[in-house]
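After the structure tokens below, expect a handful of questions from me.
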């Protein structure tokens, strides 16, 4: 892994037990993200795109979860091999590999504890449900500032007043109309679009080196969606933060991403630059063409 | 012949053979707790049905010379302080709660189901006033109200079971109402109206029968077990339930006050716990089975 | 043009929440649907498009207005007459699971519909009819399947087959492709096109402009319970639209960033429109007002009606001049 | 950034005002509902009384009632009026503290002075048992974590408790403790003379021990503990898998605070659902441990067919259910702002 990569994923394998037996949701996926780059993962429901990113974050729920591969995460010049200890948690039983999921999760949480927020953080698909319903939005933004500050020396830490002010500043940065009011609001009092903006504030207030955005616009209205996408683009540039952007909407992808990975059935079909996807649509993989067609982009190109 | 018929067997088989095959395969994949509990439930059911045809004489047979015998081959749950067989009394005691429980369960499930479905379907002021009445009934502490009833009216186990089933109607209706409202929230009912079905058919068939039968069965079993509980509690108190010398699990447990040995009261107490546990597990199992949507 | 299949006049609907708050869901809507055409209703969530679709089919009561379907006054129908009439207009619901019953197999469900709508037929006739219908939607071997074992696209298709069993004249399709994967979405669109034939009319409720471009003949734009613009599909994106329509089109395109004149309104979302009780709904966000300040008073005090196919004083004047 | 400040006085006061109005509206509607429930429930009791077979006065007084007593009683229950007016008069008297006079159980004693102190005992048992079960359930749920397969051995006994009526638990508890104490003191083998739990500890524990055991058996029996435990674990599981907990993790903050706060509401919901059952259980368990609570009073009075006492105690119970529900709602609203928002 070169110095210039933030995240490097090699041959990631994720499996789940279902009533019908074990299913391989992610099958040997590899990709990497460099600093300041926006990598898009394009795929439809069930393509394993969310699972691969959850695996990087160490947040996979379900059994047995990650079963193989390598994930390297770069934090301030230090590279962490996140899946190095994985084989020691896997044993053979009745001809099938079994994993001690509980112990692994504990191990993983301990490992990620110092990386969450600082090296990597994430925003999720359902903004209403990704904010704690019992806490005001301001407190939640402040919480991530606190978490960030707790890594620093006691002398360099911001005091409480400064943290509150920074939280307000963040709410203004995500273009809330009335930050002071939003600061004291609970998530149920905000609209979906505002919740997602608050969520972006929560995530970026950690000052991460890479932000994972998991379909942040799904379920939002078209105009609100456009706002969120524009906002993300502006902020990512301003904060010099890399982004892993997951979506099934090819238009968003073309707009935001520098490089695009197309996934289907847990496998990477192709990796292209956004420009290629736009300009040379007809040279793309069959499935990518279907996606482009469904979004009405090939037809327009032909004419 | 088998080779030819396999392709169409699902089509041409009679209703009972499909029924049998589905239940046979379903039985095999059930957890152990469900199997055990259903065996106990079936046992209780058998005894409950047979009991009225068995005479009381051996149960009431007092013989002081054989009092307090430990469990043996002859009296395999021992005998009590008056020399009566505990096992026989235990089985005969099922009669005290079986039919009242059955009636109460059926009544509560039927009325609660219909009321709940109506509340959930209509909403508006009908739903609101109905649910207000139901909430009112729900505030009455059940045991206290039952004692009040027993003080004013001549106590009988049938009255008790009817009252307790009435007291359970609100909770059943609420469960059904929530279910119907959840269905309504995903435009499910509207879709059926749009298709042209009669509202009565939607309520009775599409909602109550197809969607809520498992829930209702479970609630029915729950009410049954509650009547068992109430009956034993009241018989234990000694003034309202089944009176000595007639056996009931409650007044058998009440022998703990006077009995010198453990089995005359401990075994009925165990029977109460096990039966209620089996009933609950059985109800849960049925509900779970129905929840796993057919594939 | 000939007589419309369905014509609605002056529809009004107000929802009252328990707290006494009133939301205007449909506000003075006139609508004509002609046999064989596909009309798309677009707008953001909360614009009242789903409510309008349902109200037209008598699934929601209206506060005011008339709906004429063929020669019947739809709002006057009651009880069994209404249920009889329902077979002529059907609805595809947004949530495909809502269309089907999870505890009935495909065959049972189809049979149920056929018994209801063709009671005169014998069991054998129904069986053959069911087979043709399921063939039509491409599900010939799925008789014994249950909802849970069908994929999203298959669920949609069973719903379609069930609707076709009533041989309807009008189908209101509420987001018929939402939640479907791209390939299946394309299939479903093709299927909808084929099934339409000559005589079936669709009212398509969608926010997916890709879908709208593919099958619609005419587009209606809704904002806050009002139809603010009517566009034929050839004109979509080609002429100067109502500023709200323009914003919708841009948002779905994402390709170019919003215009400079829009920047100050960039972050004002549709929720900011809620406040205006008089005047044009969009007046405070309208970029056209910068060019035509003389209309300001008018826009802030009167609600524009649909003239020259657009509910905007400035635009309708402009079009009149052309 | 100076124009956006938290301490803009006007804004703060405006927000405060709005919140106060919302809260007072919510509280008012809850109080109103509680009041109407109280009226309704007492009306049900009155109607039950009126619908008794035969003449109610004869039923209450039996054969030895003098004509004056009969007339008194008629006036008290408003029997000479129609049912609504009669209820009005009866409710008014009850409200002003006149619940009538005990007739057969403790003749001449006012019901209020009988039932009031007794009810305090009952209430404290109910509260202690609820708190007790919550403490144990919380502890176990957090210790065991979310449900996992292969825990059946551990959980079997806990699930079996679901089926144990509290009076059975109470009897077993009394018996076992009795046996244990006898064993220690007398060297075993001796048969305890009565079912009373700790005869030899009477000096110190005459009242405290039965109280504790009553509370313990209520909190274990009737599925109270099991229900709480199951609800907590299920909630813990869904919380652990919920998006916002993932989000909290992903930003590197501590999860525990969020978990605990979000667990409070489901716990309270179980409480609300279980309250009538707990009060029912108290009645019979008090009887077993001969605690001087209102349950014991109720059963003794019922045995003696002392209708005024039974009715008075029932009213107390209903009142308690409504008030406790109100308190639980209040706590829920304090924790969860959504409650107030949807309340009106």
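By written order: A, B, C and D. Residues from 1 in each chain.
As a convention for this text, contacts are C-beta pairs under 8 Å (C-beta built on N, C-alpha and C of every residue); 3 or more make two chains touch, one makes a residue touch a chain.
Only a predicted model underlies this, so the values are computations on that prediction, with no experimental measurement involved.
Among the other chains, the CA centroid farthest from that of chain D is the one of C. Look at where the CA atoms of chain B average out and do the same for chain C: the two points lie 49 Å apart. Rounded to a whole number, the gap between the C-alpha centres of chain A and chain B is 50 angstrom.
As a whole-number value, the distance joining the C-alpha centres of chain A and chain C reads 35 Å.
In terms of which chains touch, the assembly is arranged as a closed ring, every chain touching its two neighbours and no others. If you check each pair of chains against the touch rule, the ones that pass are A-C, A-D, B-C, B-D.
Listing the residues of chain D that touch chain B in their complex gives 37, 40-41, 44-45, 48-49, 52-53, 59, 152, 159-160, 162-165, 167-168, 171-172, 175, 191, 194-195, 276-277, 279-281, 283-284, 287, 298-299, 301-303, 305, 307, 310-311, 313-314, 317-318, 321-322, 325.
Looking at the complex, you find that chain B touches chain C at residues 10, 186-188, 190-198, 206, 210-211, 293-295.
Touching chain A in their complex are the following residues of chain D: 1, 4-6, 8, 11, 15, 148, 240-244, 246-254, 258, 261-262, 335-338, 341. Taken in their complex, chain C has these residues touching chain B: 54, 57, 59, 83-84, 86-87, 90-91, 93-95, 97-99, 101-105, 113, 116-117, 144, 146-149, 162-163, 166. Remark: chain A residues 57, 59, 61, 102, 109, 112-113, 115-118, 120-126, 129-135, 143-144, 146-148, 164-165, 168-169, 172, 179-181, 183-184, 186, 188-189, 199, 202-203, 206, 212 touch chain D in the complex.
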